[in-house]
């Protein structure tokens, strides 16, 4: 029997992985909108818990929106590798003759496409409810789109580390939320700057720099974390 | 062979279930404190997202604390039946010759003991960080203790309904959060009243009434929901 | 060089060499801490602004510095363990993490308590305070992650990865938090600017810092030795060692 | 009092395909019923119906002469069901798992009885290891140990031999045989060749 | 070029218990190795080591004469591993599952090839049903269909006969035989009696 | 000496609760660390000795039987 030479075919593998994950998520249409609805619900809870006073709400709106988006992203991360782990396909992913960082990066990409991006698009809508000034909507959406990509990448490290654990969900928050803080600060800062009429460009540039760094380092960390989890 | 008469032995079964769940949770010591740490982390995120200004923080503190406690409870609910479902012991629980509502009630009790109660005890500490006036700490703890019991009971219905679904986590939030709203309003209201120096008694009484109602109805609803999920 | 690293990585060799070092560090820690405490509590002059509440500095600053060093040490140990697979590094990491968390807590607690007489509040969202709080959470994460794995090796590796990721993030967190605080409101409280402390104020501080470091080293050595006994309990030399120990019967 | 599980005119439809229809069967003391059929023929589905877990089906179930709706509690007190999933908690030890199952019946049981059962099933020395660290076959054995602990007349077993080694299979067969001889009854599915046994009846599904 | 998987002095310790130690084995073209042993003897552990998933072990693995560390990519391109868990997605159809596995090798494959493979493995008519709605045996068959699709010389199979019905077992045995005759190699564990085959060697674990 | 008397030292110029609680928590944690390290070490050695004894017993019994 012929020995198989390792093919490259990375593009095929990446494209198929993206397609597979997209199909899986879209097949249960309800699940794609879950983070969105969670986002909306949390934003609705705050006026109820705090006060319906619009001036107060407008003041805290950038922070609220960003924290709620962050929590929504992070909640949806828990299942990023979990179901693959449970049915054994994660094992098979690790045994594929392809660079693991590239494969996990495509999984994270799908996660961002179906979570971070829709959140960014929807945020201005909720901004209206919190009486956020209209000038800041573009910055709000842009900062969320940029920031949530970093959130997905960093969160995936935590998800990979906890994938084999029985009650990973809350542990994941503990691992990941501290690492989210810079993104939260710059993201909310960008919106606040826009509200005050200042330029949001420096904040957005910083968000971009963070994203670039996450893109460079996170795939390797995720791959290493997955190998550890599978070994356990 | 002798036919077995259905024994009562309900007390034994309930005690054993409580003991089993306590052991399971405490065996991984880290996991019991996870909701607490999540609570603390979320409370830390808000000042970072909003502003470090103490006056502003103090004003929104009751709402923030209550919403964060609510989210912490609700996140930890996801696994209430999930792991039992995955390894087949939920199936066996439903086949036990004991009234199911009593058994699930003991599971919920353990959940509250290890989540709601510690949250209530820890809340004043975070109150300090949000510059909440000292007079309201007792009411804060009491309202959270009462309210989180209702949260656990209501949340368990959602957890039971979604236990068979692959990505239950976020869907669960949707089902359950609207039901949480009255509890959130009365709970945050109690703390706000205490901050303003008014009597928190009416709010607390309402929370107690909600709890009584949840105690009466929820176990049956949870049991029915579990039967439906298993049948799928 | 390689031979040396691997020799260092051998638990047996380390156990022997550390047996000689440990008592010295304990002794130095005891002397320095006692001298520093008496000096700082009773002899150092009181601050002209803060009065005697200033004496909290002698536990606050050493604990804060040590807490940060511990995290760096944790990351270094994690890196060594992941790259060279030296088990000893992980044993040290397992021991350092709880102590680092404890020191972070001491720094937070003493700082919070100090805040009451000086700032009139237990807590403000100052940059330094906030990043210290976040560091405490990172410590919790590392400890919880290690404990969550059934297999010790997997837990060790996972904790190492997290420590490395965390140490990359700490400077970013620090920087962003500082930026955030000045951004929102420029003039919040700053930690008391150093008013060119007189020597008899900072000398005891130096003694205390050194004492805390010696304590840290001594404790880490001692507990790493215990960890070696625990993990290598099946090895011949550990068995023999236990027999030779005081109280053992032949 | 004697017991008997009867199904009359049982049928189940999945995605417009009838897995089985108009199936009559009955199991009483001293009887053993083997449900046979190729993969996907509906064996698991039938066992779930017979153990009262799936209620969406045609036909009627009776226990001790009464419709299942009315005799459900008595039925459950007499049933031991082992499904595809072993139903043991990975984080608990075999001893703790068994203790919980005993308590679910309202029995307190004794530690030594549980130890004996685990020894007998071949888990001597693993009594205190978290189940998650056991091998596939050992995990199933923990579930099987329940058969030795609580005396239930009716056993419903879905592929009980999965992952069990050869000696274990032989021991388990002897155990089933003994249960039937003692007057219990067994319903099971398996793709294994069973050793020839008395009192064994067969129901074949999906032999289309 | 020819291939050969060699293990020298393999050993694995779990919780202070040596599952196996100092194990030498080698598998080359046209060879079939059956790992035997009772439950908990370390078969799954050995297979995970041989497929490069578990790296905490004693001894050394070599592929094609080179240490595994260096030849890992080539090794993975030649390996087909099927573990206890089937590794198929419940929400996807068998066809979609197979398409992904093909793409992971960098192959595009064709829909008709996949259909043929599924037909051959006995899933004709179920190609588009979500795997989660299939029976236990049918789910395993989806995983087994991978053997027919991508030509990989080395198959590592952990209890491939689990949940498969009698006809399926016979067909699978023929398939393994054919693979070996074609010059492939197989490492497997099973508690089934295998039909006698040429070129079958055995390694026994845990016969203490 | 910055204080006139021991009571003055204890009073810390009115800041006693703050200074002593901060120092107290620090001291307590250091002492607990030492105590824990010692207890841990002693218990480990005792366990090892017990294990050695047990195994020696076993091997003696085996040779006796032979």
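In this document, chain identifiers A, B, C, D, E and F correspond to the written order of the chains, with residue numbering beginning at 1 in each.
The rule is simple: a residue touches a chain if its C-beta (ideal position, glycine included) is under 8 Å from a C-beta of that chain, and two chains touch if they have at least 3 such contacts.
These numbers come from a predicted model, not from an experiment.
If you tally contacting C-beta pairs, which comes out ahead, C-F or C-D? Let me know.
C-F
Between copies subunit D and subunit E, are the contact residues mostly the same numbers or mostly different, with half as the line?
Answer same: the two copies use largely identical residue numbers here.
State, to the nearest whole Å, the distance from the C-alpha centre of subunit A to the C-alpha centre of subunit F.
45
Starting from the mean Cα coordinates of subunit B and subunit F, work out the distance between those two points in Å.
Here the centre of subunit F sits 38 Å away from the centre of subunit B.
From the C-alpha centre of subunit A to that of subunit C, how far is it in Å?
33
With chain centres taken as the means of their Cα atoms, state the distance from subunit B to subunit D in Å.
The computed centroid separation for subunit B versus subunit D comes out at 35 Å.
If I count partner chains per residue in subunit F, which residues reach a count of at least 2?
Within subunit F, no residue touches at least two other chains.
Quick check: what residues of subunit A touch more than one other chain, meaning two or more?
28, 83, 86, 166, 171, 174, 177-178, 181, 185, 231
Can you list every residue of subunit C that touches 2 or more other chains, as numbers and ranges?
Residues 134, 137, 140, 144-145, 148, 150, 153, 177, 180, 184 of subunit C touch two or more partner chains.
Contact residues on subunit D for subunit B in the complex?
Residues 1-3, 29, 51-56, 64, 73-74, 76-79, 81, 83-92, 96, 99-108, 151-153, 182-184.
Can you tell me which positions in subunit B touch subunit D when the two form their complex?
These residues of subunit B touch subunit D: 1-10, 12-13, 15-17, 20, 23-24, 27-28, 83-84, 86-89, 91-98, 103, 230-231.
Any idea which subunit C residues touch subunit A in the complex?
Residues of subunit C touching subunit A: 82, 134, 137-138, 140-141, 144-145, 148-151, 153-155, 157-158, 161-162, 164-166, 168-169, 172-173, 175-177, 179-180, 183-184.
Mind pulling up the subunit D residues that touch subunit E in the complex?
Contacts found on subunit D: 14-15, 37-44, 84, 122, 126, 129, 133-138, 141, 159, 162-169, 191.
Note which residues of subunit A are touching subunit B in the complex, please.
28, 30-31, 34-35, 37-38, 41-42, 45-46, 48-51, 56, 59-60, 62-64, 66-67, 70-71, 75-76, 78-79, 83, 86, 166-167, 169-171, 173-174, 177-178, 180-181, 184-185, 188
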